[in-house]
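Two complexes are shown next, each including chain A; its partner changes from chain B in the first to chain C in the second.
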Partner chain A sequence: MHTSQISPFLAFWRSFRLATWLGWQIESNWADPFLFTVYSLIKPISSAAILVVMYSVITRADFTAPIFPYIYLGNAFYMYVGQVMTGISWAVIDDREHYKTMKYIYTAPVHFPAYLLGRGVARFIIASISVLVTIVFGVLFLEINIEVTQVNWAFFLITLFTGVVMLALMGLTLAGVMLLLVHHMFGVGEAVAGALYLFSGAIFPLEVLPSFLRPIGFLMPITYWLELLRRLLVGDVASSFPTLQTLTNVQLYFILVVLTVFFAAFSILTFRACENRARELGLIDTVTNY
Partner chain B sequence: MNLAIQTQHLSRTYKLRNAKNSRTKELVALQDVCLEVHPGELFGLLGPNGAGKTTLIKILTTLLAPTSGKALVCGYDVVKEASKIRPIINMVSGGESSGYGLLTVRENLWMFAQFYGLSSKEANRRIAELLEVVGLSDRINTKSSDLSTGLRQKMNIVRGFLTDPQVLFLDEPTLGLDVGAARDVRRFIRNWLNQHPERTILLTTHYMAEAEELCDRVAIINQGRVLACDTPASLKHKLQREAIYHLEVTSSSILYSEHFKEIQGVRKFSFRPRDGYAVLDLILDQDETLAAVVNTLTAHQVRIINLQKREPSLEEVFIDLVGKSIEEVESGRNGSGHSES
Partner chain C sequence: MEETAPAIPKASGWKLFLKTVIARAYPRVIGQQREKSWVFFDIFLPILGIAAYVYVYRAIGAPEEYTGFVVLGGAMTAFWLNVLWSMSSQLYWEKEQGNLALYIMAPNSMMAILLGMALGGMVATLLRAVAILVIGGWVFQARFLITNLGLLILVFLLTMTALYGLGMMSASLFLLLGREAWHLANLAQEPVYLLSGFYFPVKNLGFWVALVASLIPLTLGLDAMRQLAFPSAIQFGFLDVRVEAIGLFLLCILFLVGAHFLLDYMERLAIQEGRLTESRR
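And then the complex of A and B:
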């Protein structure tokens, strides 16, 4: 009956599965289904529209330039970064401050990292809907040219999955940091996602950055992930920019995997260290009503 | 056989940082606490707010690490073997409205039961049974956000008992409940333990009557220290040689605690002004001393409204140990009430 009597894998799976269910109930039940569907469609289109308008003003509506699909797809896939990372770390704030259930979750036989990862799944699903809506909108109305029959969908899905795992692990690091923060944790997730936006080559090649800042971009797995996703969808258009031009798709994926493994080890160690420290400081279930 | 709970010289200190000048000061929440709770006991921790009761529960439930000392639950170390403790314990805190408001009562309880490895069928059977016992079965499909604070508290109590824990921690379980609901909860706790005599409950409360009614043994705790630990009967028995009086008297602006301190034979007293009158609890060496007390009151134009000689209660035990009533300790920070030991 108890977790101590089952294998670690089953304990992990049970916590992950239940947290996924809980996360979906929370994310999808705040409005009636019709309103939720409308919101899910309009939000990504509105976000993309802001970028398109800005681009249109700056380039005098030159939607045929290769930089446009580069920016548009980079921005679309970047939605995963914010949603997956902050989805996982936000569970700490939600359970502590909003639902005040953290102490009951934490003292239950729950695999805590698996629980937090599971809470992020709902945000991943919502992000996937947003990304899909944004790309379809771009193809239909903004001349984003994706040759569906030419795309290596298997490679695309493997890359997407690898990147989401990488983002989830980065989210776990952030969740660990959240456990140690009390008063100023609410904006941390968005601040980190915003900062990474600059260095990941999401909307401009890394060459635009000052040379001393470029290494940050090259050390981030998100950079290689976004580049590969774009290349797999629009091919040469995306690979025409100099940043990672010398690397093949396989090389990009290899770097992505190596950096993901590195981040996995880093995340697990950091999270456990933060969790232990939070327990020492008495911060696990802190409620500030801030 | 392992003790259900054991603490050895357990201490916990919080470091509080002043936001203005970044200086830190230390707050001792628990100091050298040594306790042993046997399987099957309903053990009470009795003390005012801020005494360290919740800190002790947090350590025992693996939420908080001790600063020094050791704590074991069912023989497992709370620091090194937390993952072995969590499946066999549960906890309920009173006076809060926790729960996932978007989920129904059944969904909230079902999810927690699943975390503990109960099958859906078994979880649903227990949920129905326990909700019936606490009178919440008609709300099983109500979203928990639509429940009143009291009903949500009952839902949380069900959550605690649902997993049939070997050791259950109840932190002020009746806090915030109305009189009837609190009585129902106390009855439910006692019945559960009668039906599961091998289970253990550690209950914290600052309600004397609750501790007296429910607990097999009680530890009286104040300022992080355990001052006494015994059965309620034994604790009271130690006071039976003294004369204990409860007086209600008219208010007086010229009567101070010093006047009682000067009376020979007054062992302990607690003087608490109320709206238009005052309450005076006295522990005297012998009944004859009461005459001197009455004379002092008369000399200060204070009239006795009510006078009772009492059998010792845990309230008097607390006053005897701490020198103040629980109420005075809790309100002491704003200066109301006087007492001396």
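And then the complex of A and C:
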């Protein structure tokens, strides 16, 4: 019997594409499109509104101060962190414990990491809509001053893409760890996203953190990614904080790329190690049920 | 000769009700002694959230009492998350795991099962909330100055009764839901943090929004507790503490009575429509 071999790239792409379709169906087909849209927007807008109210209470709604776009845009782009990272790692729990399909997927001719990355795409799309709506709302009603003609859109999109790749790889690391954990550990993704929220200067400049905690922020690629996205959209306003003031946009991007490459290597090695360990311990299709 | 197990006296009436409550509360309280990972997820995670909001306030130069407001609000999130995930959507999980049909078949009251879930959850969550309050208060140097301890305890108990009554009532609604239950519970987190003023005084949302938000017991409860734990918070208070306590008392009656009737109705409906054992994944 003759079996045809496909190239690794094609295997990766085919698994990624089908997992993307599957992920979208799982995320969206539980409700009609209107309810799904409302659901997708209410959560992120509420979390942005909490910060807006907090800010308004203290500053008497002075939205022209530089700190406001810093907080608002940092929070808006941070939606990608939670959604992309958690989306990929959550697929392990969802398939293994909820749908109980993990062993079938794992033993099928799919590229497993590509499958997990594809499962995160649906959340990336939802996050993109939320980010866009949040920013448009800020521009229309909260004096977020984005000069559309002044923005270097090519650089912005490249930075955005690089960051999303970096988040997806961090999500893959978490997915590997998740293979070794039990059902109720579904909160690991949120825990990591929560920690990064605090240390990456997403909603306040790193100077506000105690000095012994700041180095954690400087080691994280998300810190540079958020800073660069802010600078590319609102220019001088975003770079008026001392944290990364001495670095140019190109330098920030260079650091982002270096850290992304480091995390890529780290995530591939970690995922492989966790996957092998999960196979040794018989955890690939385990159902803990509590 | 085969030994027979000693006969267990059959309970009925209020004794059965009470035994059911204790039996359902038991795993909630004991479970956390056996699974220590909650220390990380239920204490460390909320403290990270609290820290982020405390540092935002510091970045924009907020007065020091706002640190205390955030710490108290952050501690109370434990109760909202418990009501949402372990009360409202609990019957959905039970259905998924096949326990719901057993609950219905057993000769006990569903109301007692929900009450047991509520009491067990409340005790277990109280431990988490106190830990968050103590650690958060210590790390961020929040200064509490309780002016009327008796009233504070009364407001807390009323808030808990009304909140878990709401949880019992919504549990019966979730009885009819399938896969969407998870999404709806997930949806009710951030909007409630916003409307109930978990991280800022609810008065800032305006009178009418705050009034509507008062249907969620934590809105009035949190506002009253802030006024009693931080003397300077009186100026930020939505209503007088006594008025808020009366409002909470009315909510207790509304939600507990509502839970009783709604549970009966939804259980009948779920049986008629054959939804008790369905599993729409």
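In this section, the second predicted complex is superposed on the first by the 284 of 290 C-alpha atoms of A that agree within 3 Å, B and C clash if a C-alpha of one lies under 4 Å from a C-alpha of the other, contacts with A are read in each partner's own complex, and residues count from 1 in each chain.
The rule is simple: a residue touches a chain if its C-beta (ideal position, glycine included) is under 8 Å from a C-beta of that chain, and two chains touch if they have at least 3 such contacts.
These figures come from a predicted structure and were not determined experimentally.
Student: Could you look at A:S128 and tell me whether it touches chain B, chain C, both or neither (first, second, both, neither)?
Tutor: Neither partner.
Student: Does the superposition put A:W30 against chain B (first), chain C (second), both, or neither?
Tutor: In the superposition, A:W30 contacts both chain B and chain C.
Student: Quick check on the superposed pair: does A:G282 touch chain B, chain C, both, or neither? Answer first, second, both or neither.
Tutor: Touch status of A:G282: first partner only.
Student: Quick check on the superposed pair: does A:S15 touch chain B, chain C, both, or neither? Answer first, second, both or neither.
Tutor: first
Student: One more residue to check, A:N249. First (chain B), second (chain C), both or neither?
Tutor: A:N249 sits against neither chain B nor chain C.
Student: Which partner does A:Y99 reach: the first (chain B), the second (chain C), both, or neither?
Tutor: In the superposed model, A:Y99 contacts both chain B and chain C.
Student: Is there a shared patch on chain A that both chain B and chain C touch, and which residues make it up?
Tutor: The overlap between the chain B and chain C interfaces on chain A comprises residues 30, 99.
Student: Across the complex, what residues on chain C touch chain A?
Tutor: Result: residues 35, 37, 40-41, 44-45, 48-49, 51-53, 55-62, 66, 97, 178-180, 183, 186-187, 189-191, 193-194, 198-201, 204-205, 281 of chain C touch chain A.
Student: Inside the complex, what are the residues of chain A that reach chain B?
Tutor: Residue list for chain A touching chain B: 1-6, 14-15, 18, 21-22, 25-26, 29-30, 99-101, 103-110, 276, 279-280, 282, 284-285.
Student: Could you pull out which chain B residues touch chain A in their complex?
Tutor: By the definition above, chain B touches chain A via 14, 58, 61-65, 83-84, 86-91, 93, 96-103, 107, 111-112, 114-118, 159.
Student: Contact residues on chain A for chain C in the complex?
Tutor: 30-31, 39, 42-44, 46-47, 49-51, 53-59, 67, 71, 98-99, 184-185, 187, 190-191, 194-195, 197-198, 203-205, 208-209, 289
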